[in-house]
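Look for chain A in each of the two complexes below; its partner is chain B in the first and chain C in the second.
Moving on to the complex of A and B:
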C-alpha cells in the first residue's frame, strides 16, 4: 500500500483534487449535472490527446512543440477529405489521418536523431512547416465530417444492467478517449518498447549500455506523439464538424498538464494517467471560474498560480517523504 | 600455449580526428583466466574497453571471439557475442525498478537473485527503483546482472572502487569461482593488491599501444610500473622547500580543525601557512572533494571550524570565501569558466564587482589588471574571444589568472593539471612556486603523485575522511605517498609502489 502511494500518490492526489473540484462545481452551480459533465468531456477531448502526445515524448526525454500544429493539419486534412464524401469513405479517412500523424511524428524524431539538432529547435521548425501546410490544405475553416464520426462523441453510453442515473455520467467522449489511449498505451507499457521509452528518458547513456536502440526508440516516441496528435486532430473535426487551419491553444496546455500530471520534464518519470487527469482538472477550473463570472483575463492568471502552487507543494511533499 | 584464446584482439586502433587514442593495442584472454588490463591515465584503457563492449567502433584492428570475428557494433551486439561489461558507473536505468531493468536487458530473474545473494546482498526487493538504492548495491546489481547472462568474457572496470571492504571481498571470491568454469574476466583496477590477489596475467598499455603481457607473480609490480611509465621514469626534482622564518610569523593563513562535511569527510585538521604550498593526497572519494568544497564555501561543514588568519569564519556562500581571499580552482574547467565569453571577461569576472565601487577608474584599471595577468601566465590569446576555443591548458591558466588578477591570498587547486600537456603543467608549477615565494599560500590536491615533489612543501594524506599522515616533501616520493594513501603506516615498506595508485 505504501509502495502504491509512493508510486501513484501524485495521480491519486490529482484524482482527489478533481473530485473536490466537482463538488465545488456543484456548490457553485447546484444544477451542474451529467449533461454538463458530458460537455466537459467533449471539450477536454482534443486537449487530452494533445497531452497524451506531449507525455509520450516528454517521458522519452524530449519535447514536441509541433503538437498543436500537427493537430491542425490532421484536422483540416480529415475535414477536406470528408467534405461531400460518402459516410463509408470516412472509414478510410480515419486510418489515413492517423497514419499521417504517425509519419509526421516519425519525421520529427528522425530529424532530431539524424541532424542532432536539439528537439526544441526541430519541433519549432516543424511547427511552422505544419502550420503552413494546414493553410495550404484549407485556407479558411471548412470541410466536413461524416455523421457517424460526429455522433461518436455525442451522448452517453447505455450499458445494459446499469441504471440510467449511472450511465448518464459516462459520456461517449470519455469512453472514446479511454479506448483510444488504452489501445496504444497499455500494450506499449507492457512491452520492452515501453521500458525502452522510459529508459532513454531516464538516462540515455545507461539505456545505450543496456542495449536499448536509443535512436529507434526516440523516433518511435515522436511517432506515437504524432499518432496521438492525429487523434486529437480528428476529435477537433468530430466535435466541430469542420476543420480549422489555425492551431488552437493546445501546445502550452499540453506542457502545463504534463507538468501538473507529475511527469518530469527531464524525462523518465511519470505516466499517462496523471497528465490526463490534470487536463480535466485544468478545464474544470476554467469552467468553475466561468461559472463564477470571473474576468477571463484573471482566469489565466489563476490557472498559472494553481500550476505553480500544486507543483511546488508536490515537490515539498516529495522532499519530506525522502528525509524521514 | 595451445589453447585457443577466448578473446583475441590485435592491431586495434582508434582515431578521433587527428588524435590517436589507440594506436596498436592487442589483448588475448585465455579461457579460465582473470586478465588485468593496466595502463597509466591516457594510455587508452577506456578506449579499448569501449571498443570491446560495442560503445564505439575501432578505426582498425581485428577482434576474434573463440576464433570467430563477431560484430561488435552496439552494446547489444557485444553482449550477444558473449562480451558483457560492468562499467565504472552504475548502468541501471534510475527511473525503472529492478525488475523492469532486468526485463529491459533480457536478464533471467532467478539466476540474478541467486547471484545477488551470493554477492552479499540478501534482502533485495525487485520493486525498488534503481535511483533509491545506494551506490555500492547498484554496483553489486550490475555485476549480478552480468553474471546471470553467463558471458564468455566479463569486463570489470574499476568494479571494486565504490565497494566497502566486505562486499569487495565477496566480489573477488565470486569472480575467482566464476573463472573456474572456463569463463574469463578482464579486470581493470588501479589497486595492485587486488590484482595480485585475483589476476593471472596482465596486459599493459602505454600511449595507445600494448607494451607487454606478463604473468602475475610476486614482485612483478615493479616491472609493470616500469612498463606503464616507459622511459619516463626519472627522479623528480624536489621542489625547493624554501620555507623560512616567514612561515612561523603570525597566525597560519588557514587553520582547519576537526572538519566534517557530507558523508565522506569525517575529521580533518591541518594548517596552511603563508608562503606554503601544501599538497593533499588521497585515493578517489576519500573526502577531498568535500574538503575543498567546504573551504571554498560551496558546502557547509557539518562539524569543525575553519579559521583564516587566526579568526574563525563561517562560509555560507563562495562569495564569503572569496572575500577572505580564498580562491578555488577546480579540476573541471567547465565548472569555473564562462565558455562562450572572452578570456578578458572570464578573468575579470570574480573581481569586477569589487572594482566597480572604485568608480570611473574601473574599466581602465580592470583592463590593466587583466592584461598583467595574461602576460604573467603567458596565455595564448589568439583565440581569446571565446574561452571554449582555447586548449585545455590555456583554459586552466585562465582560471588561475583570474585569481592572480583578483590578488587572492590563498588558492585552492583541485587537480588543476588534469588532462593538460607537460609544458603547461610546468608553467603552472612554476607559477604556484612564485606565488608562494610572494607569501601567498596554496592548497594543492593532485591525483598525479609525482607532482607533490615538484610543487609542494609537504603532503597531507587523507584516507577515509581523516588525515592519516603528513609527509615532508623530502620523503614524499610516489612510493611513500601511495603507501600512505592506502592508509598504511610509514614503516611498512614492503608493499609495492603504485604510481597511479590515486588516479581515477
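Moving on to the complex of A and C:
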C-alpha cells in the first residue's frame, strides 16, 4: 500500500486537486452540472492528446516541439479529405490520418537518430516544415468532417442498468479519450518496448550496454507521439467540423501538463495518467477564471502561478518524504 | 365548468407576465469571446464593448474570455460562458463555421448570440460585421488607379489562414482582375504584427526590386516609417484607419495614400445589438454589414475627411473610428478609459 502511494502519490494528489477544483467550481457557479462537465471533457480532448504525444517522447528522454504543428497538419488533412466526401469515406480517412501521424513522428525520430542533432533542434525544424505543409493543404480554415465523427464526442453514453443521473456524468468525449489512450498505452506499458522506452529515457548509455535497441526505441517513441498527435488533430476536426492550418496553443500547454503531471523532463520517470489529470486541472482552472470574470489579461498570469506553486509544493513534499 | 376553461388562459398570462418580467430586468450579464490578444484593433474592439456596456446602464457584468487561441479554444470559452449563465454572448469568431456547435448550444440555452467583425454560418446567431471583401477591394482599386493602372505592387496580407484575410484576398484579387497591367511584385503575410511587417518591407526594399505601390492589411504606419527611414521612393500606400497612419497621411510630405475604415468599435455595436435583442427588439435582418469608407489624401474632399478623422490622442494602432453612428452610445473618454461595468 505504501509503495503504491509512493509511486502514485503525485497522481493521487493531482486527482484530489481536481476534485477540490470541482467543488470550488460548484461554489462559484451552483448550476455547474453534468452538461458543463461534458463541455470540459470536450475542451480537454485536443490538449489531452497533445500531452499524451509529449509524454511518450519525454519519457524516452526527448522533446517534441512539432506536436502542435503535427496536429494542425493532420487536422487539415482530415478536413480536406472529408470535405464533400461520403460518410463512409471518413472510415478510410481516420486510419489514413493516424498512419500519417505515425509516419511523421517516425520521421522525427529517424532524423534525430541518424543525424545525431539534438531533439530540440530537429523537432523545431520539423515544426516549421509541418506548419508550412499544413498551409499547403489548406491555405485558410476550411474542409469538413463526417457527421458520425462529429457525433462521436457529443452527448453522453447510456449504459444499461445505470440511472441517467450517473450516465449524464459520462460524456462521450471522455469515453473516446480513455479508449484511444488505453488502446495504445496499456499494451505499450506491458511490452518490452515500453520497458525499453523508460530505459533509454533514464540513461541511453546504460540501456545500450544492457542490449536495448536505443535507435529503434527512440524512433518508435516519436512515432507513437505522432500517432497521439494525429488523434489530437482528428479531435480538432471533430469538434470544430473544419481544419485550421495555423497551429493552436498546444505545444506549450503540452509541456506544461507534462511537468505538472509529474513526468521528469529529463526522461525515464512518470506515467500517462498524471499528465492527463493535469490537463483536466488546467482546463478547469480556465473555466473557473471565466466563471469568475477575471480580467483576461491577468488569467494567464494566474495559470502560470498555479503551475509553479503546484510543482514547487510537489517537490517540497517529495523532499520531505525522503528524509528519514 | 366554464370557469375551468379559463385556467389555461390565466396560467398562460401568468407565464407571460413572468417571462416579461425576466426580460425587463435591467442588469444583464454579457459574455465576450475573442481569440486575438495584444493587437491594437482587437483591444479597441474589447474597449468598445466595455464602454458600450457601461454607457447602456443595463449591463451589470461583462464576462470576457480574451486570449490567443484557435477555434477549438473558442469552443471551450463559449461553453464556459454558457456555464457562467450569461444572457448574451458577443463573439469575434475564430472561424465562420468552426464555432457553430457551441453557438447552437448557446442559442438552445436561451442565450442571445451576436457575432461581430466576421460572420458565422450558424443560423441562430446575429451578425454585425465589417465587410472585409469590400475593404480590400476599395483600397486595392484606389491603389491601382493611382499608380496609373499599371505597375508592380507589394501585397502585404494579414495572417495566413485567418478568415478575414482570405475574405480580403478575394476583394484584392477582384480588383486585380480589373487591372490586367498591374502585377504583384511581392506577396507576404505580416501576421498583423507591426514589427514583422516593418522587417518584411525593409528586407524587400533591400533587394532593390522596383515597386510602384503598397497595399497593406492594416499594418500601415510602420510601412510608411520604413519607407521614410530607408529614404526609398514614397510610393502610394493603402492602409486602414489606424490613428498613426491617418496622422501620416495628413503630415508626411509627398506621401500619397488612402485609409480604408475598419472600425474596431464594431464590438460596441455588437453589445448594443445584443441588448436590443434582449429587450425584445429584433433587427429586420439577421446580418448587418457595415460597409467601409475610403479616405485618400489626393483630392481636397479626401483631405478634408482625413483631417477631420485624425486623432493624435489615440494610440497609433487604434482605428480612429472609435464610434459607429446609430449603434454606439459611449463617449470618447469612456472607450479610451476602457473600463466596463463594475471596474
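Heads up, the rule we're going with is that the second predicted complex is superposed on the first by the 324 of 324 C-alpha atoms of A that agree within 3 Å, B and C clash if a C-alpha of one lies under 4 Å from a C-alpha of the other, contacts with A are read in each partner's own complex, and residues count from 1 in each chain.
Following the convention adopted for this analysis, contacts are C-beta pairs under 8 Å (C-beta built on N, C-alpha and C of every residue); 3 or more make two chains touch, one makes a residue touch a chain.
In this text the structure is predicted, and so the values were computed from the model without any measurement.
Model built by superposing both complexes on chain A: chain B and chain C fit together without a clash. In the superposed model, A:201 makes contact with chain B only, not with chain C.
Partner contacting the larger number of chain A residues, of chain B and chain C: C.
Applying the stated contact rule after C-alpha superposition, one finds that A:268 touches chain B and leaves chain C untouched. When the two complexes are overlaid on their common chain A, residue A:241 makes contact with chain C while staying clear of chain B. In the superposition on chain A, A:192 makes contact with chain B only, while chain C stays out of contact range. Judged by the touch definition given at the top, the superposed model places A:212 against chain B, while chain C stays out of reach.
With the two structures overlaid on their shared chain A, chain B and chain C come no closer than 32 Å at the level of C-alpha atoms. Comparing which residues of chain A touch chain B with which touch chain C, the overlap is empty. By the touch rule above, chain B contacts chain A in their complex via residues 53, 55, 74-76, 79, 85, 87, 90-96, 100-101, 103-105, 127. The part of chain A that touches chain B in the complex is made up of residues 3, 192, 195-196, 198-199, 201-203, 206-213, 268-269. Across the interface of their complex, chain A is touched by residues 37, 61-73, 75-77, 79-85, 94-101, 159-163, 165-166 of chain C. Across the complex, chain A meets chain C through its residues 29, 31-32, 36, 39, 42-43, 46, 135, 138-141, 150, 154, 236, 239-242, 244-249, 283, 286-287, 290-291, 293, 295-297, 299-300.
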